[in-house]
Amino acid sequence: MGLIGFYLRKLFTVFKGEVLVLPSRVVVLLFFLTLLLLPVFTRDPYLLRILILTSIFAILAASWDLLSGFTGQMNFGHALFFGVSAYTTALLNLHLHLPSWGSIPLGALAAVLAGLIVGIPSLRLKHTYLALTTLAFPIILLGVVYAIPNITGGELGLSGLSRLSGSRVTDYYITTILMLGLCTIMWKITDSNTGIIFHAIREDEVAVRAAGINTTRYKLLAFCLSGFFAGVSGGLYAHFMRIAGPSTLEVSMSFQVVIWAVFGGIVTIYGPVGAVFILVPLLEFFRFWPEGRMLMFAAIILLILLYMPQGLLPWLRDKVEKECPRCKIRNIATRSTCRICAASLD
Amino acid sequence: MLLEVSNLTINYDKAMIINDLSMHVDSGELVSLVGPNGAGKSTLLRAITGLVAWEREITRRSVGEDITIEGTVKFEGERIDQIPAHKIVARGLIHCPERRRPFREMSTYDNLLAGGYLLKNKKEMEENLEKVYQLFPILKERSKQISGTLSGGEQQMLAIGRALMFKPKLLCIDEPSTGLAPMIRQEVFDSIVDIRKLGITVLLVEQEVSTVFKMSTRNYVLSSGKIIAEGTGKELLQDEIIRKTYLGL
Amino acid sequence: MLLDIIISTLINGSVYALLAIGFSLIFGVARIVNIAHTAFYMIAAYCIYFITNSLNLHPLLGMLTAIVLVTLIGLISYKFFIDPIREHEAAVLIATIALAMILQEVMLLIFTGDFLSVPSLIKGYMEFFGVRIAFQQLLTIGVALVILAAVWVLLRKTRLGLAIRSTANDREVANLMGMNVAQVAMMTMGVSVALAAFTGAVVVPLTILNPHMWMHPLIMMMAVVVLGGLGSIKGSFVGAYILGMAESLVVFLIPMGSFLKGSVALSIMILVLLIRPEGLFGVAFEEER
Amino acid sequence: MSSPFLEIDGLNKGFGGLKAIRDVSFSLGREEMIGLIGPNGAGKTTLLRLITGILKPDSGAIRFKGKKINGHKTWSIVNQGIVGTFQNMRPFRRLPIIANVMVSCLSPRAMKRGEWVKRVEAKAMDALEFAGISDMALEDASTLSQGDLKRLEVARAVATEPELLLLDEPFGGLSPAETDLMGKSVKRLHKGGRFGRLHSEGPAMIIIEHKLQQLMKIVERIIVLNYGEIIADGPPEEVVKNKDVIRSYLGGGGI
């Protein structure tokens, strides 16, 4: 009994010292808790539906950041991964009657394959050329989808997929936990040694090569990883909506992802996730004036960008926290000395 | 005094590129700035013609490095360190940039026209064009050719010709001899002497000391953003400092 | 059939060429990837619809008003939304996307999503080897070619053109020649948007108006620009007709072709880029590996 | 007869109309440390970039331990043991300095060597220590001065534990005292041994440098390039007395 108490106290000290000291960490903790505990308080199907979709898109936006934010390989056709996976999942589910736990991973694998194919031009093209080339891939596929309606369902898409699970609450838990888990994994990847190489490739690819790193392999890896995560979100989307339609491949879908990520702040992972959790519910909220909701949405993005071109979340974070000039540890903005090395913050 | 730089200090972030530097150029002179790589010669020239300030504006808008400029630059007695680069040009202070930098995708003729962009008068343009062609006959032969495909020497002549189109009072030339074969180098230097004969004051940045010392009226030796010696070529050549900065002996 | 293909190649190609050149200009001078470029084309078309159908004025007057109005809108949005964040590439990008969305939504609010059309300037058609060619089609091709020629003259023969080309080549050196680079960028934006508006004005009688009509030309325009080589006017011109022809061939020769026209054109672009990464007329610099 | 460690044979490289390197041939032994000097635009940097594979030669061969390496990708050349620094410093600006070096430590070559050092950070730290900027490990690279960037370049190169090290102006932007220190470090590196967790093979070196005085203290042989051609090759004392060299350095007039 005493031992348990000791460990509990120790856990609490660690918690107090590591989590409660930084507003951003408290926010992340609250975010996790709110999402996980929400169904205890409300089971409003409309609210849960919005949150499920938000979670799915959060994975997608974070996966864009993993590729384009970190390695700098601007991808304007991120809808490709989403769409390929959605269609693959749907086909597997409809024709082979694979349940969702089988079709979604396979759909994600198809997206990885798509990532490899899109990754090949990236080995020769740079910057704007690459961005505009990647834009083309989902549109090419969209043309094919329309051209063979007896397989893909044409404009109507493939409908009648099996449900993700039996109930809305279970659906909610599946997507939220997957979102939290996958985003944490993505954040871990970017924090690892591989992440450092991704960063470096964005900064100066030639210099990375001169350091003995096979950049081809790492760029393709980035495309595949990003494809995988985007694929999971595409598969979840198909099963949750029970339809895989052309809208998953459209240009506006690709643009949407870029908007989320840049709005939230690229090269952060948490930025795009946060942006999705702000923007998607906001768009729902604007339903009080259905005709003007996209207009208000775009106007807000435009105005916010004018004031914080580096993205919303990094901007907010810089307001509430500051970095110690000596040890580079982050501190809450109200402190006057660093919590680790006691250097003065100003 | 045509150009007067006093107490100029330039920082790029933490690195001090120009360190409390003062110098001047009188009308009719050919002054050269010499010194090893990274001494700050090009930065000094860019500061005089307003490019450093322009760069500062751009980096301020992005989150990039922070550039600070202190000190004054006077041209014909008026301060020019506060006015934008394109207005400094209008006063007759022209900068012929490092590595030639022709407008690569435009023809030789168009490049020269761009040099005379500020000339309002078509007749004046044609007169100046004729003068440049006289100075560099090769440019007339190549007038239709895309400037990116010219040889290095021709590009250098084009760059100088382009700068001459707007009748400069003071012409700043940055390292005209880099990457040129010896024969061509001599030609370029000869043309600079010719330019001076036209009554144009020249401020020259160069590495090739001996040739420059023969033609210049006065020289400044730069090292680490400071002027460490000043004088005529003859005086400097007998100086220990030159040997030190150049051969490191 | 052959004649149909030629006519539609010329029309599509001219439209893409006009759009792509405008897009190239502002990209070259200010490094702005202006996603909203074709949205300006769309609002010009709606402008003409409004003036001819609702105010019952002559279409020519409509065209002129549309061009002036749209250029003004373009300049204002550049000044207030793009210029302040110019040095943040990613932010500029989504600012232009948001701008395009705003323009689209405003049109949706005013005109709804219905398909609308504008009557031809001149009625009638001629028969040529049994193929009907409307005079409006010929007029559109003619006007488009005239505008292309005018752009060429603007760029080659005028002072502004000289400044635009110089700035696109090397911003810093242009500055050293006494050109006010910020002002040149502003004027280029004006020219670029005016070109988009012109294009809208020229094709409006041949197309159906819809607030989403900017999407397809946007993609084709970008493909053209990349195919021809970023910043190369000649490249945009040639690329536009290549892709225009590819589209026409697919539409007329392949069943289900109208669905596949975009796919085929874009595949051509990707193939060319894999062989020539700098596009057909782009400038390749010494490659660092 | 065993083939030389590094052999360069009839190398040519042109940019547009200008021939940057013409018919350059020389060879280098495993233990050698040579200086490469010449006026601006003589082709020194181009030669280094050709050896590291960043540029492709027009003709000629580069053989490393008897194996032809031109045509290989840069990273594969680095992993075979040749690494170079950049003259115009190319740090990853928005990354902390330690991360800049960690990239080099993550190369297959560096990972394979010293199995017992699994901590890349620790190894990167030692490389920084060697270059003398370990106290700034956490600063972003964009805040460094020119001289410190030079040292970062050296740290990045050393971290791959090369057998042939090509240094492009390692003393540029350093004060005389710092230059002395750097010269000593370079010499120690050449001798081989351990620097904390960093292991030195005692690499052969080619050093481009303008500060001749410092250079002469550490190298046994100097090659002089002018207009892409080798105009002198020999011990430092001989080279500085060579008429051609003095002329190319101070121009036609002489002193």
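So that you can tell them apart, the chains are marked A, B, C and D in the order they are listed, and the count of residues begins at 1 in each.
Here is the rule we go by: a residue touches a chain if its C-beta (ideal position, glycine included) is under 8 Å from a C-beta of that chain, and two chains touch if they have at least 3 such contacts.
None of these values were measured; they are calculated from a predicted model.
If you tally contacting C-beta pairs for each pair of chains, A-C comes out on top. Distance from subunit A peaks, on a Cα-centroid basis, for B.
Once the centre of each chain is set as its mean CA position, subunit A and subunit B turn out to be 51 Å apart. Between subunit C and subunit D the centroid-to-centroid distance comes to 50 Å (mean Cα coordinates, whole Å). With centres set at the average Cα position, the gap from subunit A to subunit D is 42 Å.
Chain geometry summary: the mean Cα position of subunit A and that of subunit C are 33 Å apart. With touch defined as above, residues shared between interfaces to two or more other chains in subunit D number as follows: 54, 73-74. Multi-chain contact residues of subunit B (touching two or more other chains) are absent. Among the residues of subunit C, those touching two or more other chains are numbered 88, 288-289.
Considering their complex, residues 13-15, 36-38, 64-65, 149, 151-152, 175, 178-182, 207-211, 213-214, 237, 243, 246-249 of subunit B touch subunit D.
Residue ranges on subunit C touching subunit B, taken from their complex, read 86-88, 159, 162-163, 165-166, 169-170, 172-181, 231-232, 283.
Of all residues in subunit C, only 27, 33, 35, 81, 84-85, 88, 90-91, 93-95, 97-99, 101-102, 104-106, 108-109, 215, 218-219, 222-223, 225-226, 230, 256, 259-264, 266-267, 269-270, 273-274, 277-279, 288-289 touch subunit A in the complex they form. Contact residues of subunit B toward subunit C in the complex are 49, 51, 54, 58, 61-62, 84-87, 89-90, 94-95, 97, 101, 103-106, 110, 113-115, 117-118, 148, 162, 166.
Against subunit C, in their complex, subunit A makes its touches with residues 120-121, 124-126, 128-129, 131-133, 135-137, 139-144, 146-147, 206, 209, 251-252, 255, 258-259, 262-263, 266, 291-292, 294-295, 297-299, 301-302, 305-306, 309-310.
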